[in-house]
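Below are two complexes that have chain A in common, paired first with chain B and then with chain C.
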Partner chain A sequence: MAGEAETSRQSQEEEDAGLYERWVQESMQNPERVYNGLFYVVTLFFLVTMMFPFYWLLVLALTPNEQIANMGLLPRGFNVEAFVRIFELLPFGRFVFNSIFLALLTTAIVLLLASLAGYVFGRLEFPGRQPLMLLILAISYFPPAAFLLPLFDLFTGNVVIPLGPVAIQSPVLFNTPGAMILPFSSLFMPLSIFILTTFYAQIPDGLEDAARVEGTTRIGALFRVIMPLSAPGVATAGILTFIAVYNEFFFSFLMNDGQAQNWAPIVWGILGYQGQYTQFYNLMAAASIVGVLPVVILVVIAQERIVSGLTAGALKE
Partner chain B sequence: MGDVKLEHVTKRYADVTAVDDMNLDIRDGEFVTLVGPSGCGKSTTLETIAGLTIPTEGTITIADREVTNLPPKDRGIAMVFQNIALFPHMDVYDNISFGLRLRDFDKEEIERRVERATEILQIQGMLDRMPEEMSGGQRQRVAIGRAIVREPEVFLMDEPLANLDAKLRVHMRTELQRLHKELDTTIIYVTHDQAEAMTMSDRIAVLNEGQLQQIAAPLTCYNEPANRFVAGFIGSPSMNFLEGELTADGITTDDFAVEFDVAALDGYGPGDDVTLGVRPEDVHLEENADELAHPTTPFPAQNDVIEPMGDEIFVYLIVHDLEGGGQEGAVTERDPDEQVLMSVDPDADVEMDARVQIVFDRSRLHLFDTRTGDAITHGLVQPASGVDQRAQGAESEGDD
Partner chain C sequence: MSLASVVSQPANWTERLNETQFAYLMLVPVFLLLGVIAIWPLLSTFRMSLFADNLTSAATVGEFVGLQNYVELLSGQREPVLPRPFFDISQPFRSALLVTLIFAVVSVLLETLLGFAAALVLDQEFRGRRWFRVALILPWAVPIVIQGMIFYLMFAPGIGFATDPLNNLGIFGATPLTNSFDSLVIIVIADVWKTTAFMTLLILAGLQSIDRSLYEVGRVSGASKWQQFKMITLPLVLPAVLVAMLFRSINAMRVFGLIETVSDCGTVPSLSCMVVQTFSSGRYGTSAAIAFLTAAIIGGAVMIYIVQFARGQAEVI
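Our next item is the complex of A and B:
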């Protein structure tokens, strides 16, 4: 009898072990299942970590400011008015416009100059090409703080260059787009040069030769043939530059006095909702959401649009 | 006036001289082919004419205008490329009209010219297609169309048929000739394929190692090659070369002798090392020698490999050291390339390993200086005294 009980317990244990073992067995025979499971786990993790800040912004924006202390994870109330108030309290639209304007202008300058540089680095052989390319890449890793002071002096007209009898005072660019676009362009150019060099190098020489024989100059061939054919690369460089400028904090914050009419970008707009005695956290959250929207639209919709659009445009010419 | 003149054109790169002192004088309306093995400088030469490469030295004149340092667009040329080089992002119409639009032609003129080009090239109805939707032959026609509409002084073609399959290549060859007849414009054509060069050109310029070897009509290059390189390059299969030495009354190789009037040679005499060149179709079996006006003395050979081609049979002959049947080792003394290739009628009775007697067509033999490779004479003159050829033959056999 005791023996019987023992065997039944044993078989029970075997069954328990069997469940786990069977699962292991199955997983080993069919690893696809485990990979699938892991894929969802990892995806969920990234989704949550990336989307939670946006959710949190929304929660804050919808909660009336007086109830915002000791917030939980759910909004307290549904105060959509914040999205209107941000435009009433400050010319927030102008801040957004400034940011987009600066980003677009910088992108245009960067694409133009980086195209020329990309052509040279990607398609011409010359001594010192490799070191020069490395130097340019190194520039992109310079800390912006390192040249803030000299640039600030330069852009506020405090640098005087003696030229024989006359002395030239540096132009006052502070509070103008120039004070931001110049450092933006130089900081974000290297990445674009790198991307475009890679793309332009892949266009067959024959096409450029054909364009030149047909009647373009080298630069004409670059803009009529090489650039359209590198549309995905140009779009990538453009979008990355646009986003980088749009997100930039350092020079955006320091190269103007924070007034919308003085080309201050979104960062000043958002910070404008904190006064000496009141902090409108809900408005700052709402403004952040509005500020993010252009980039979200650009990335979600326009990225594909721009790539296919550029290619289609090139196809029709 | 589409004449092109190259004077002392040299292109040096860091470690190689791609083109070495090239002089060419191409007349208006002429179809000239630059031909040579890869790396001979033919493409570089064409690029200097196109302006895609600036020569290190020398001058280039197109239509009586010096263009050496002008950019390609200002030279009055159009070019067709080996890789076809249609702009993949433009449809056929835009590809063909690209150059005209750059030059601000008005719309009607552009349309008129494009229409004419599509008619000539038979690509009507394809104007809105993209290059990737077309076959290789169609693409090449579009590329030629792009060149035609410009109505240039000179067409440059850099192996335009190289990327097409064999059948299409032969077809396009005839089309290009027709096109040349129709347009009557100078065409400078680059190819490594001597058959293309032979069939299409008014004149062939044979290049090797950056140097011009010979420029002459195709048949002149074939029948009177300026040197051993041209002789070997033009004609397929290639000419046989047999090294020997001049004697008082002919040339002697290790295996046979051909007697001729050595005194008629200018600057060469007994003791000089010479190379005898003979094309496969000028090697005959002895039994067919009666058809020849001037056969040489027969000598023995052995069939090695036989290649029936359908319209003819190629027979690789061993001529050296036949006597030593079992002592094959002795053969290695000589270059194994020194087989003789013979082309015979398809109905000829040839058997593997059979012993045969062969003769050359004396009037179609070539003599080259072994050292310099320069041609000495084409067609060997019968010796003045009518020696009994049979006896002489036996004697030369005995010499072995």
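Our next item is the complex of A and C:
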């Protein structure tokens, strides 16, 4: 309180001084206040810029389409019909289902395989450990485009696999979940391997030994002792993989023909509205809101896990 | 023989292996997947890049031409058959290599600055910190196709609130999404919106690993907050910032889906765009060469990182 009184007296004395000069004077005498002010300005800036795009989607989705022209920042009306129409014009529900199905299946495969690798890298000492980890790291940073041509040939049955005397054609996986799940798995597995390696390495040897004494095999100990004890790490790896697959564009776009019944994921649901219903901006916005909901819910529920996973995974690497 | 012992038989067999044999056995599934879906395609892409395009017969590529594809791409001789130039200094916003590099450098620099600011905010204790963090992470979790749709809906002519004012100010043209420079700016903004959170979390992890007693020492010796930031925070957090920048640059070099949704590959021709375009027109040799050049640039960055930082990191871990 004393400080406030002092400031007001000083500002009275400096009545002649310009506004800016007075502000500088006060700031120099009380830098704490400037930092606090700056803190709130920066915080507000981030909140507004990060949230505004979501708000804009809502504005467009709620405005009847014929009124969408030179929009201001407020919705014109309250029209929830768009959220019904998007499921009628295209099988949007099926696109969302496909995405969630592909993401869940990929997550299961990644968690299983990355658990084996995480156990090996986190708990065993063997020659070649470091180079193999570097190889996995290196693979994860190649662009998807560098895998595209051979994988496309492989999945469309154009690669001949020599098996001794006979040669067989590769199975046609294009337009099936396999053509996407396989690239997703190998693309996103490295991050899970690094997260699980960190977590599995932290389980004390004693707990594993105790299980082994009771007759459990090494693999049994992994799935019955180490994995349950590392539940937060497994959850983190699982959530990050799920989000990564749900968000993926490249292979989701190129490894199917865009038909919902051919396992095309949400990428094609959204692009479908952009391509076929070019004037229906409210539908594009409504579809985007519905499509983003699953990950929004996941982030709100699991933000702690996401934060720890992103930082742990990256720092380990 | 009981059912249980039959089931446990293979596991018993693995118990007789020594640690190294067991480690390699456990890694078989992981490397089987990575081998078929990542390593073989990479090598195969490289092999394809050494062959000429074949647009006449059924075979995917023509005769062996060595490094000719690379030479012609980099020297500009291949330009007539490409949708956009690969490297042309006179039109930087329309040549693939330059667009990709400009996009990567500008967006990563902006993300670093903003990410640093957001990390400094999150490093404080304040009410609502948890929700601030959710707001920051949400854009990161948005699927690429929806991220693209949001920014398409912001700048599409006739509906976006920003298009007309920006056009009147002379910053953007009337249809920014068909102008190479305007679109590049919008795509950079979209990327910054989505991925600043990733930067923030990595830099925050670096900030929180700083020993707080250093600031105590700083305060006692009379250093201002700015001096504390410059002398303590900045140098100590720099390694984390550099790692985060590297990860982001690698990812930015792959940009494709965002361009495809917001604008199109003809307007903002990134490297990945050009791989897909040449691939669609059947020019497999050229496509593979561009894909491998992209991979080589990214691989070069990773190698520099591993050589420069891995030693320093190994001491820390």
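Convention: the second predicted complex is superposed on the first by the 252 of 317 C-alpha atoms of A that agree within 3 Å, B and C clash if a C-alpha of one lies under 4 Å from a C-alpha of the other, contacts with A are read in each partner's own complex, and residues count from 1 in each chain.
One rule holds in what follows: contacts are C-beta pairs under 8 Å (C-beta built on N, C-alpha and C of every residue); 3 or more make two chains touch, one makes a residue touch a chain.
Predicted model, so just to flag it, every value in this text is computed and none were measured.
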Simultaneous placement of chain C and chain B on chain A, clash or fit: fit
Partner chain in contact with A:Asp209 - chain B first, chain C second, else both or neither: first
Touched partner set for A:Thr217, first chain B, second chain C, both or neither: both
Touched chain A residues, chain B compared with chain C: C
Superposition-derived angle with apex at the Cα centre of chain A and sides reaching chain B and chain C, degrees in steps of 10: 100
Partner chain(s) touched by A:Ser27 [first = chain B, second = chain C, both, neither]: neither
Contacts of A:Asn262 with chain B and chain C, given as first, second, both or neither: neither
Which superposed partner A:Val225 touches (first chain B, second chain C, both, neither): first
Contacts of A:Val296 with chain B and chain C, given as first, second, both or neither: second
Partner chain(s) touched by A:Thr43 [first = chain B, second = chain C, both, neither]: second
Partner chain(s) touched by A:Pro143 [first = chain B, second = chain C, both, neither]: second
Distance of closest approach, chain C and chain B, by C-alpha atoms in Å: 5
Shared chain A surface residues [contacts with chain B and with chain C]: 217, 220, 311, 314-315
Complex contacts: residues of chain A adjacent to chain C: 31, 35, 39, 42-43, 46-47, 49-51, 53-54, 56-57, 60, 68-73, 113-114, 116-117, 119-120, 124-129, 132, 134, 136-139, 141-154, 158, 182-183, 185-187, 189, 193, 217-220, 243, 246-250, 253-254, 266-267, 270-271, 274, 281, 284-285, 287-288, 291-292, 295-296, 298-300, 303, 306-307, 310-311, 314-315
Residues on chain B engaged by chain A in the complex (per definition of touch): 50-52, 71-73, 77-79, 81-91, 94, 98-99, 102-103, 130, 146, 150, 156
Chain A to chain B touching residues, read off their complex: 204, 206-207, 209-217, 220, 225, 228-229, 311, 314-315, 317
Complex interface listing, chain C residues touching chain A: 8, 11-12, 14-15, 19-20, 22-24, 26-27, 29-30, 33-34, 36-42, 44-45, 48, 60, 114, 117-118, 120-121, 124, 126, 130, 132-139, 141-146, 149-154, 156, 158-161, 164, 193, 198, 201-202, 204-205, 224-225, 240, 243-244, 247, 250, 253-254, 256-258, 260-261, 271-272, 275-276, 279, 284, 287-288, 290-292, 294-295, 298-299, 302, 306
